[in-house]
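Each of the next two complexes has chain A plus one more chain, namely chain B in the first and chain C in the second.
This part shows the complex of A and B:
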C-alpha cells in the first residue's frame, strides 16, 4: 500500500494545485475590493463566511452537503474534457437521475435500486448526444444544450404531471423512508462518501486502466490513438455514458439524501443549475478528479458560509455570487499567463 | 566577389525562458551578394539565429549591424523595412487566396476604407517577375499550386517588399528533386541580380552545390566558416557533428528468407476519393529491407495506412506470414507481429502532451507485461520499460515523466523506433524514419534498421530520401501514381534510371 501511495503522489502534478490556490486567493482579494466598494467590511464578511462553512460541525456538514452534487457534475465535465469533448450535458442528466430516483424508489423502496436507476437514466439521457457525436459528427455543445432544454421541460412535466404528490401537487412524490440515504449527522447523508468514491474511481479509471488510457489518448490526439490500436469512437461514447452516469447519480442522491422534503420541489428548484455549477468546479479543480474533490468542497464552503455572511456581515446573496464568479474567472489566469508568456517569447521553437 | 558585409551579428546569446541556451554567443557575417549556407543539425540553433535576425525573437544579448549600422528589430516588419526577408519551412500562405492576394496581404493600405489597388500591385509584381526572370501564376488559388511554386510565391512575397536579403529555412525539405533544381536555379538568378541569400540546411550535398560560403553551427556555437569551393562534404559533416560520420551504412550481404508480407493487387483510395494505390503487388521477405522510393504523394502514405490497418482496402489482399490480414485493425496487427514507425511523428507516432512513459507503451499497453489485472495498467512496469528504452537507444530525455513534446525531434523519433522495436515484430514498416532527424540519430536509426534485417526481420522502408532507400534497401520498388514503375536491386540501377522511374517511366521501357 505504501508503494501505491507514493505512486499516487508521483502521478499528481502539484503545479496546477498551487496555481488554483493562488487563483482562489486572488479571487478573495478582488472580492474584498468589491465588498469594500459596496461599503461592507471584508474582514467581517470573510470571517463569517469561514465561520459559517467550517466554524461548527453543522457548518462543515453543510459545506459537504453542498459539495456533493457539484462534485459529481464536475466529474462529468472533466471526463468529457479529458476525452476531448466539451460535454455540458451534466445539467439534464442530473434532472433525469433525480426523477428516476423518485419514480423507481416508489416502485421498489430500495436505496440501491434508486441509485442504480438514477445512474442508468443519467447515462441514457447522455446517449443521444454521444451517438450524434460519434456517428454523425454533431458538435456536443449544440446537442447537449438542446438536450438540456428538452430534458428540463420533460422533467418539469413529470414533476407536475404523472409524479406529482397528490397531497402537495407542486412537488413530486417523496422518496420512501426505506430508500433514503442514511444520514451521518446534521443533515449530511452518505451521499458525500459515495461522491468521493466516485471521484476516486474516476481517477482510477482515467489514469490506471487501459480504457482510461485510451480515453485520454483519444482526447489529445485521435489519430495517434487509432494508430496505437485504440478506438477513439468508443472512447467518446464511454465518456458521455460515464459522464451521464455520474451526473445521474448526483441527481438521485440530491433527492434521496436531502431532507426534509425528499422530493423534487416546485418548478424543479432543487435540481436546477448543478450541472452548470459543475463546470466551474471542474475548472477550478483543473479537470482532475482529485482536484475536483477539493474544489467542490471549496464551492460548498462558499455556499455554506452564505447564511452567516448574510445574517452577521449583512452581505447580500448577490455579492456572494459575484465573489464566486470572480474566483472562477481568476482560475483562468494561469492559462492566460501562459498565453502572454508565449506572445512575449514568440516562436520559442 | 564583393566582400562588403551586409549583415553582422555579434555575440548573439539566446536563452529561452525554460533555461535552454539555444545560442551561446554567435558571430555571423553575411556578405553582400553571396549565398551563405547555414549548416547544422536539428536543434543546433540555426533557425533561432535566423528568427532573431528576422525580428521574430529577441536576443538575450548581442548586437546586429546592417551595413555597419546597429539595428534593433521589434518585429518582422522592422526587419523587412531594413531589407531582410524570411521564407519559413512551413509556409504562411492563405490557401484559398491566389498568389497576387497572398503577396500584397498586409500591404493593402491600413485605412478602414482604403482601396486596394489590385491593378497597380499586379503591374508592379509583373515587372518584378520579368526583371528577375522568375514567374509564378498570379491568379490561381495557392492551394492548387504545387509545393515548389507555393514556395516561389513566398519568395516573391519577400521580393515584393523590396528586401535585399532572403533567409530560407530548410527550403528543400518539402520539395521533390526536380523542384529543388528549379529552386536552385531561381536562387542563383536572384544572386545574379544582386540579392543576398542565407540558406539554412542540414543537407551536405545541397550546401556544397549551391552556396559560396558555409557557416557551421553546432549546439548554439559557430564552429567555423569556410569557402564552399575549399570544403568537402566530409569536412562539413565533421564540423557539423563534431566527429566523422559514417555516411555509408555497413550492410553485409544476406540471402533473404521466406516472404513475410505479401501484398496482392492492392487498390486503396485517397482522402479525396481518388485511386491512390492502383493494383500493387509485392512481397517483403525475412532478412530483407524492401524500399519504396518515389516522389511524395504517389500513394506511399495510403499504401502504408492500408497495410497497417488504418485505411480501408478497396481491392486486393494483404498477407502476413501467409495469414490474410486484409481489413484488420492496428491492435490485431501488432499482436500478429507487425510494428509501424509512422511518417507523421508528431501527429501519429506520439502523443506529445503525454509523458515518455505513456508514449513508451502506446500500442503495447494491453500486453500482460503492463497489466496488474486485466485492464489495469502497471505503471511501475511501464516506467521501467521507458527507462530501458531510453538507455538502450541512448535517448536524451529529462526523465520518464516529462511530456515527449519537450524532447528534440531526433529523440522523439528514437523513442518511436525504440517502442516499435520493443514490440518484437517480425515485420516492421519504417515510413520516413529519419525525416527531420539530426545526423547522429539518422545514422543510429539506419543502422538499427539494418540490424533488424540482419536478425531476419522483414523491413518495409518508405522514404522520400532517395539516398536512404538506395543505401538501405535490398530491393526497391519505385512508385509513381500508385503503381510500381519497377522493382529493382539498388546496385543494378543508376540514379538517373531511378529518377526516370520516379518521373513515371517504366523500367522495361528504360532498359529497352
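This part shows the complex of A and C:
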C-alpha cells in the first residue's frame, strides 16, 4: 500500500498537537504573570530557561538525559490508557528494573544482560496487578497503588540491606564498568536512543499489528471487542506486561546510563517519582507514543533549564517549580478533559 | 480556535513589552567577581546545614564585594548539571558544593574544568589541585553533646538517651560515634563522682532523609515513648520534627522547659524552641565556606583536605552568646516575628529564657562537659571517627570510652 505524505499527516491527526502547543503557550503566559507577581523578570527567566535547556550542546544533552526515564514510564501509562486501564504501576516496575540491573550486572557484567533482567523484573512486578484485574476483577488503581508501596519498601530494603555498597553505604553496589551504557557525549548515554526506539516500537505495536488493534479495541469498548472475536482479557494482560517491561527498562537504564554514581542512592532518591512524572508526560503527549517522545523532551527541557534560570535570572528553585507546575497543568488539561469525558461516557453507557 | 490563538498572541506581545521594560533594571554589575554555591537536596530553610553555608557565603560576598549566585538541587540528578553549568560560565572565583552527596559530581566536573576552583563541604577529595575539601571533626563536637546528654540522664536517674539521624552516610557515623563516646565518658564520670554504676542505652535511628520533618518527629516520638531523656538530632530539616516531638512531650506534662531535652545540630538552634533545646552541636559550615572564598580571593587557595575540629572552632557546643549571634544574623522582620511567636517582648527576654533553660541542668554537668572539651582540645582524649559500617559497628559494641579511644588510634 502506498501513501502520499499529506495522507500520512492526516492519519497522524495534528489537532491534538496544535491543542497541546496552545496549552504550552497559555502555561508560559500564566507562569509569566506569576513571575511578575513575585517580582522576577519573566523575559529573562524564560530566556535563561531555554538557554540552559537548548543553548549549548551540554544543555541539549541534559534535556535528553532528563527526558529518558519519563519517556518510558509515560509509555507504560499510555499503553494502559489505550487498553482502557488506568495503570499507575510504572513507579514500582521502575524500582524493580533499577535494582535488577544492579543485582544482575554484578553477577555478569554485561550490558544486555542488565537491560533484559531490568525489563523482565519490571514486567514480573506488573504481573500480580494484571492477574488480579483479569481473573478477579480487582480495580487496577487500587492494586497498583498498593503494589507500588510494597515494591517501594522491598526495594528500599534491598538497597540498604543485601546490596548496599560496603565501601560507600549510602549507595548500592555500582554497575560494573563493562556493563554501563556507552556515553554519546556530555553525560548522555545511548539510553535516549533505546527509549525512542521503544516509543516507536510501541507505536508500531498499537497501530500496525493485529495485537495492538485488539488492545485498542478493547480499550474503547470491551464488550464490542469481545463480540468481534477479540480477547480483551489477553489485551489487558499484555498491556500490563508490556507496560511493566518498559518501565523496568527505564529503571535499568536510569542506573546503567547515568554517572557519576552508577548506583541507587540510599532512600531510593534517584529512582523515586519517575512513574508518577510519567503520568504527566503521557497526558501532555496525549497518550500517543510519538506525542510522548515530544512531551518527555519538553519535560526534560524544563528540568535542564533550572540551573541557568537560577544562576542568571536569580529565580529560586521553589518559584521555578511553581511555574513548571502551572505549565504542566495547562498542558495536561486537554488530555485530562478527554479522560474525564470518556469516563463519564462510560459511566452513562 | 483562530480567535483564541489571536488572543494569546496579543497577550504574548503585551507581555513582551512589559518584560523588556524591566529587563534593563535587573542587571547589576558593580561587583568585583562572583562566587557560586550549590546546595544539597535539603536546600535552604533547614535552619541548619544549608543555611549555615549561606551565612558563610553571604558574609564573604559582602566583605569581598562579590556577586553571590545560589543554586538549589531538585534531586541528586541535578548535581552534575548544576556544577557543570556554573563551571562552563567560567566567571566564578570558586564554586562551593555543599554536602557529602555531591562528592562524585565534584570529582567529575573538577576533572573536566581543571582551571575552575571548587570547594566541597563534607566531601573527601584529597588529590585534586583545584578542589578544597572542607571536613569537620563532628565526632569531637558530638562527644560533648553525648557527655551532656549522658550526664543529664544519669543525674535524673534515667537510663536511655536517643539520637535521630538523616541518611546513613559516613559523615553521620562520626556524629553517632562521638555521641556514643560522650555517653560512655559520662557514665564513667558519674561513677567516679557519685560512686554509682550507671548504664545508659542509646536509641538510634537513621531516618534516610534530611528534609522530612514528619519522619524526624515520628522517630523522636518512638524514642520518647521508650524513655529517651535527651534526643540529639543529626538530620537537618528532618530534625526540626524532633524538636516538635520533644515540645509536645513537655506540653503533655504541662512543662515549658525540659527535661526531656533535645540537642540541636549544625547551627546554634536553641532559639528555634527555647526551653526544649538545651544546646546545639555547632558545625561551623559558615567558617568553612568563608575560608574557601577568602583563600580564593587572596590567592592562597590550595587543593586538598582542610579539617576543622574543636581546636580550630570548626565544631563546638553552643553557648547562649552563640545562639544570640545566630539569632541576630536572621533578617530583622524574621527576628521580630519569631520573638512574637515565642511570646517575648525583647531579645533580652529571649536571652534570659535561654539562660534559665540551661539552669535546669546543674552547674557541675556543664563543668564536666567543659572538662571533656579541654581534654579533647589538648589531645589527651581522642574520639573515634569511623568512616564505614564495620568501624561504626565496633564503636557500637564497645563497652567503655577507653575501648572506643583505642579504636580512634
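Simple rule for what comes next: the second predicted complex is superposed on the first by the 321 of 349 C-alpha atoms of A that agree within 3 Å, B and C clash if a C-alpha of one lies under 4 Å from a C-alpha of the other, contacts with A are read in each partner's own complex, and residues count from 1 in each chain.
Quick note on the criterion: a residue touches a chain if its C-beta (ideal position, glycine included) is under 8 Å from a C-beta of that chain, and two chains touch if they have at least 3 such contacts.
Small disclaimer: the values here were computed from a predicted structure and weren't measured.
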Have a look at where A:51 lands relative to chain B and chain C in the superposition and call it first, second, both or neither.
-> neither
Partner chain in contact with A:106 - chain B first, chain C second, else both or neither | neither
After lining up the shared chain so the two structures overlap, which partner does A:213 touch, if you call chain B first and chain C second: first, second, both or neither?
-> first
On chain A, which partner touches more residues: chain B or chain C?
-> C
Return first, second, both or neither, reflecting whether A:311 touches chain B, chain C, both chains, or no partner chain.
-> second
Overlap of the chain B and chain C footprints on chain A, listed as residue numbers = none
Which residues, counting only chain A, touch chain C once they are in their complex?
-> 22, 25-26, 29, 32, 36, 41-44, 52, 56, 58-59, 62, 66, 156, 160, 164, 166-167, 169-170, 187, 258-261, 265-267, 269-270, 273, 303-304, 306-308, 310-311, 314, 316-318, 321
Counting only contacts in the complex, chain C reaches chain A at residues 4-5, 8, 11-12, 15-16, 18-20, 22-23, 26, 36, 41, 43, 69-78, 80-82, 84-86, 88-89, 100-101, 104-105, 107-108, 167-170, 208-209, 388-390
Would you tell me which residues of chain B are touching chain A in their complex?
-> 16-17, 47, 51, 56-57, 308, 310, 329-332, 334, 340, 342, 344, 347-354, 358, 362-363, 365-366, 371, 375-377, 379-380, 401
For chain A, which residues count as touching chain B in their complex?
-> 3, 7, 10-11, 208-211, 213, 216-217, 220-221, 223-230, 341, 345-349
